[in-house]
Amino acid sequence: MDILNQLFAGLSLGSVLLLAALGLALTFGQMGVINMAHGEFMMAGAYTAFVVQGVVGSAGVSLLVALPLGFLVGGVLGLVLEATLIHRMYHRPLDTLLVTWGVALVLQQVARDVFGAPNVDVTAPEWLSGAVTVGGVALPKTRLFILAVAVVCVATLALVLQATPLGRRIRAVVQHRDLAEASGISSRGTDRLTFFIGSGMAGIAGVALTLLGSIGPTLGTSYIVDAFLVVVAGGIGQIKGTVIAATALGLMQSFFEYSTTASVAKVLVFVVIVAFLQVRPQGLVTVRTRSLV
Amino acid sequence: MRLRTHAGTRSLGVLSIAALAVTALTACGAQVDAAGADPSAGTADSCVDTSGDTVRIGFLNSLSGTMAISEQTVHDSLQLAAAEINADGGVLGKQLEVVTEDGQSEPTVFAEKATKLITSDCVAAVFGGWTSASRKAMLPVFESNDSLLFYPVQYEGLEASPNIFYTGATTNQQIVPALDYLAEQGVESLFLVGSDYVFPRTANKIINAYAEAHGIEVLGEEYAPLGHTDFSTIVNKVRSADADAVFNTLNGDSNVAFFKEYSNAGLAADEMPVLSVSIAEEEIGGIGVENVEGQLTAWNYYQTVDTPENAAFVEAFKAEYGEDRVTSDPMEAAYDSLHLWKGMVEKAGSFAVADVQEAADGVSFDAPEGTVTVDGDNHHIAKTALIGRIGADGLIHTEWSSDGPIEPDPFLEGYDWADGLS
Amino acid sequence: MTTTHRTTDRLAALLRPGRSRALAGFALAAVVLFAVAPLLLSPFRLSLLAKFLCLAMVAVGIGLAWGRGGLLTLGQGVYFGLGAYLMAMHLKLADAGPGGVPDFMSLYGTGEVPWWWEPLRSPVATILLIALVPALLAGLLGWAVFTRRVRGAYFAILSQALAAAFAILLIGQQQTTGGTNGLNGFRAFFGYDLTDPVNQRMLYLVAAGALLAMVLVARQLMVSRFGELLVAVRDGEDRVRFLGYDPALVKTVAYVVAAVMAAVGGALFVPVVGIISPADVGVVPSIGFLVGVAIGGRATLLGPVLGSIAVSWAQTSISEQFPSGWIYFQGALFIGVVAFLPGGLASLVRRRRRRSAARSAPPAPVTQTEGSTP
Amino acid sequence: MTHVPTAETAAGAEPTGTAAEALLGTDSTRFRHDYLEVRGLRVAFGGFVAVRDVDLTVTQGDLRFLIGPNGAGKTTLIDAVTGLASATGSARFGGKELLGRGTHRIARDGVGRTFQTASVFEELTVLQNLDIAAGARRGPLTMLRRRGAVPEAVEQALELVGLTALRDTAAGVLAHGQKQWLEIGMLLVQDAHLLLLDEPVAGMTHAEREATGELLRRIGSQRVVVVVEHDMDFLRSFADSVTVMHQGQVLAEGTVAEVQNDPAVVEVYLGSPVSTEPPTTQAAGPLTTQEDA
């Protein structure tokens, strides 16, 4: 029974990591850039939920309103970031990592100045309070809900990427930017769109996280390193890899934590990832192109 | 050819630097024998200027960074106290001139700013600090410069510096009474949850010793890294242990994630109460009242404490900072600290550190929490312990109170069961 | 014919403005650090400067590894921390006296000194370990990672994860590392009383000397054939491989040098500041080290040093006035410089210089072409 | 950009230049009877087989051209021989098996290559580029010192490729052809005895091509040289022999004339719209017209 409890805890943590990393994986795959402000887009999503609750009032409705709105807020922030800074720096991917870190710093302070330093609270709707007990395993409804949100996000994203013309364009650019451009796909427009969707995912993640933890200016920093690791372990531009990596990391963290302590578990997870990279660096590397670097 | 001469000049440069360094080394000051120096043998002379109509004091709180959430509130109440004292005629007839520094939530910055306040701004005393790390970082600064720090937060004890006054609770004024209360309530088993740092670890050592002596079973002890956000595993462990109560020493944001998980997992205050020692009024809003309603806390002050001094304090605070603001234990302790310093200075008739230390014993103040008195030996203050229950209004209501103020005992020397602890 | 070439080459090299200017700049820096600063600054400001110099040592190493080698290391806090903790452990043991137990261990721990602390009772062993432990860790880690061709953003993220893990590890081992409190309350530095202002000045001079020595080492590495090769590896790792070099080796060397510099900076930071805690070694301070380097000019010799000192100074003085303003200022400056002036402020100087000088020295390489995707 | 040496200066210096003899003649006895021998080479990316069952023998003094439509596997073949792509089968040079070894080790055994897009170190000067190429065997102490005198071989190579005047220019500002020459110069100072050149004259003017061709012919007399090239004029002028690849396999091999008349080759080039100089249009006539134009 404990094992089952932990299994669920691991899956749930995996779904949280997945939500945090999904958009990152998309933008990273697209441009080879890791957006350090991704965590702050999540924070923006969380504050969106807070503001929506203040306006709408009813907790039950506000969460459902906040999800698409969070997507929009995160997405627009991403668009602005892409249009002002990142698009100038495609050929300096490491520099974008630093620039977005600066952006993250500023966004945190903005949140502090706008919403105040103390945490704020978003009340979970009534229909998500408590747990469902299945065969002696208590499954908190909030976690089930987040799991569902993650599944829906992945499914939607996969559907969009596989089955729509838009998705084909994104995949074409991700897999072979030059070739895609040569065949008339506007990589500029596709970049923007990808960044919008990826950042929007961060917004959704932020809204979902209000059900689990604190909503404060530093919300993003607690997730960003883990989200990075998921993307790295998962490989570039492949949703499948991200899903597997997030689930594996969640389960590992959860079972390590169960058998040791939370601190040791975190360190162990890092060690496993470094070791994994030693064994399968090719899991990280994109398809080789014939031109050099 | 050229290269060689070039290299020649360069190594000459290195040589001259080395020579300089050696000169510096040989020309330097006091050596310490292996046994160590007397820590109080500070070499710097005080530069505090008391000749004018004003006297400078320093407020050192984190106004930026992760701790700003908590320390800003302490800073606010210190400002309130300073304004009140100034309006009331100052200290020894001198108006207080406050120098504010930002500790930036980093221990090294606290040490740096403390040095600046003491040596550059020449303040008569410094008020502030929150985390143990910040206090530990500042302690040698105050000792070596022989200056005074007033530290307003409950902490893990095991410390008594002549240069620090501790106006928050030490362990026997918070942890021990909380355990007494739980024992009184018939709690026979406990689960300990804490953040992974010095206060929870020390607190849990004490709790374990207490539990062993009082026949309480500790069913589990879990630590989460600071900033940990996923408590499903820990809550799973808590649930399967099924203790009578949970003793919570989590810090900051982690409380939010913990309590949300706790209530989402279907655990409730009436079945398995959580007693927290780091959640005060201002944190409750962030956690969400619905998640902590009915849970217990242990402090020495609540906004709801029924004394005329508190009514005045709360009213003044709200008038200054807004009706929606709340007051909490560390804020009140900080407020007290400035008044206690005033009392000590006026008793001594001097701002000099040695005179203040000399006069400290027995100085008391009718604080919002009730009368508090300074212990001249360990520089802590006698305080009344209060166990509170979090109400639906987001405030904490006193549930149980110790029999009058408890004398501070930072090393738990007066408790037999605590023999092996330090 | 070739001999004529060689002589003209040497002549040209001799007359090249870069050389004499570097020497003059170095002499100027030495005068400012050793003579002007100690005369002008109060003891408090001087020891503040000493702290900045320690942080600048980390920057010198980052300039080499990142600016020249393209290794975006987001985890220098690990090596800084290793140096600092090793030094702090020694100071704690020395304060406790022969066979003694550091105060915090008897308060929060078992009251026994763990075996891995024991070697640090010896001052000589401590100094050796401060260089060796980071070198060994960086060497093993770098070699393992670089031979597997983990690079670009992957390397950056891994190094960041390393910093996160290191901080968590330190916090978790409170009985032996002091946990979040870190190690503090040192009384003496190799026998010299730390509260004595004269000794504080001595520490400052030691830090200044160490920094200058590191700048010399970095300069030698940059102008050497190794330095050229390092740039080549940064700009075309595979191409270098086809010339018969092993880029992993080149990168590892640069990474190790940067690690040792960070460790020495950390080791001197401890007696200067009087505390080392996990807050100084984790993810955020590790990135913080990069800020000054990027602003000053990552690929230049003095850019990282001056940038790092300037940023530290600005942080202290601006944050005294406007606590939250500092964050906006720093963020905006950092974003602006990295996005629009990747060569840092040094490239402004260089640009002006180039305009005035007809003949220029070989350009200091600044752009990074090594991406996350090969 | 400063003055660009015309092809004449580069080529004109050669025939009488002592530099060329000194550089090319170095230690050639050691490699006198060396040849590249490829047997049963196969390269697969995932399920796609890029090169299959390729046998190839190239000897010293035989300037070999490798042609074929896009995607024929030419570059992949070179990648396999130089260790960039993993392959099965055998590729031996100088008595040593090359497959399965690290790229830098293969390079140290005298195998050098250039790339379709000139890949010199753009931030470094011409001199620094050559110096690095010459230095793979330097000891640590030499590496840690500043370059004192310019190595003899570098001096000679500078002269040979006509870049002496541009020695202190950053390689990034060189004209395209100059970069290609610099690459060839780097191969020479690297002491490579098997040179694999990927489209060395792409983008060059006619005069530059002629100069490059002359240079390759001279090198080819001393070392084993394989040139991948699309330019049929160039091929007719300088190739000693030609190997035609198609869909990962060797289609034909022989002299220019033999290959030109091979029906299979004609068939492939007829069926393919590759932008090569169209032997298709002249397929009827043997390539005896090489002196024209």
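So that you can tell them apart, the chains are marked A, B, C and D in the order they are listed, and the count of residues begins at 1 in each.
As a working rule, a residue touches a chain if its C-beta (ideal position, glycine included) is under 8 Å from a C-beta of that chain, and two chains touch if they have at least 3 such contacts.
Everything numeric here is computed off the predicted structure, so don't read it as measured data.
Novice: Taking the mean of each chain's Cα atoms, which chain ends up nearest the overall Cα mean?
Specialist: Chain C is the most central one.
Novice: Which chain pair is joined by more contacting C-beta pairs, A-C or C-D?
Specialist: By number of C-beta pairs in contact, A-C is the larger.
Novice: Tell me, please, which chain's centre (mean of its C-alpha atoms) is farthest from the centre of subunit C?
Specialist: Checked the centroid distances; the maximum from subunit C is D.
Novice: Return the distance between the CA-based centres of subunit C and subunit D, expressed in whole Å.
Specialist: A distance of 43 Å separates the two centres.
Novice: For subunit B and subunit C, let me know how many angstrom lie between their CA-based centres, rounded off.
Specialist: From the centre of subunit B to the centre of subunit C is 34 Å.
Novice: Starting from the mean Cα coordinates of subunit A and subunit D, work out the distance between those two points in Å.
Specialist: From the centre of subunit A to the centre of subunit D is 47 Å.
Novice: Which subunit B residues touch at least two other chains?
Specialist: 196, 223, 225
Novice: On subunit C, where are the residues touching two or more other chains?
Specialist: 168, 171-172, 236, 238-239, 324, 327, 367
Novice: Which positions in subunit D touch two or more other chains at once?
Specialist: 84, 115, 119, 146
Novice: Touching residues of subunit A toward subunit B in the complex: what are they?
Specialist: 1-2, 5-6, 8-9, 12-13, 16, 112, 117-124, 128-131, 133, 138, 140-143, 211-216, 218, 221-223, 253-254, 257-258, 261-263, 266
Novice: So in the complex, which bits of subunit B are touching subunit A?
Specialist: Interface residues on subunit B, with respect to subunit A: 66, 68-69, 72, 196, 222-225, 227-230, 232-234, 236-237, 239-240, 253, 255-257, 260-261, 263-266, 282-283, 285-288, 290.
Novice: Okay, in this complex, where on subunit B does subunit C touch?
Specialist: Checking each residue of subunit B against subunit C gives 2, 6, 9-10, 13-14, 16-18, 20-21, 24-25, 27-32, 34-37, 39, 41-44, 63-64, 101-102, 104-108, 111-112, 115-116, 119-120, 131-133, 136-137, 139-141, 144, 158, 196-198, 201-202, 223, 225-226, 422.
Novice: Show which residues of subunit C lie in contact with subunit A when the two form their complex.
Specialist: Its residues touching subunit A are 70, 72, 144-145, 148-150, 152-154, 156-158, 160-162, 164-165, 168-169, 171-172, 236-239, 283-284, 287, 290, 294, 324, 327-328, 330-332, 334-335, 338-340, 342, 367-374.
Novice: Across the complex, what residues on subunit D touch subunit C?
Specialist: That would be residues 82, 84, 102-104, 107-108, 112-113, 115, 119-125, 128-129, 131-133, 135-138, 142-147, 149-150, 152, 155, 164, 168, 170, 186, 190 of subunit D.
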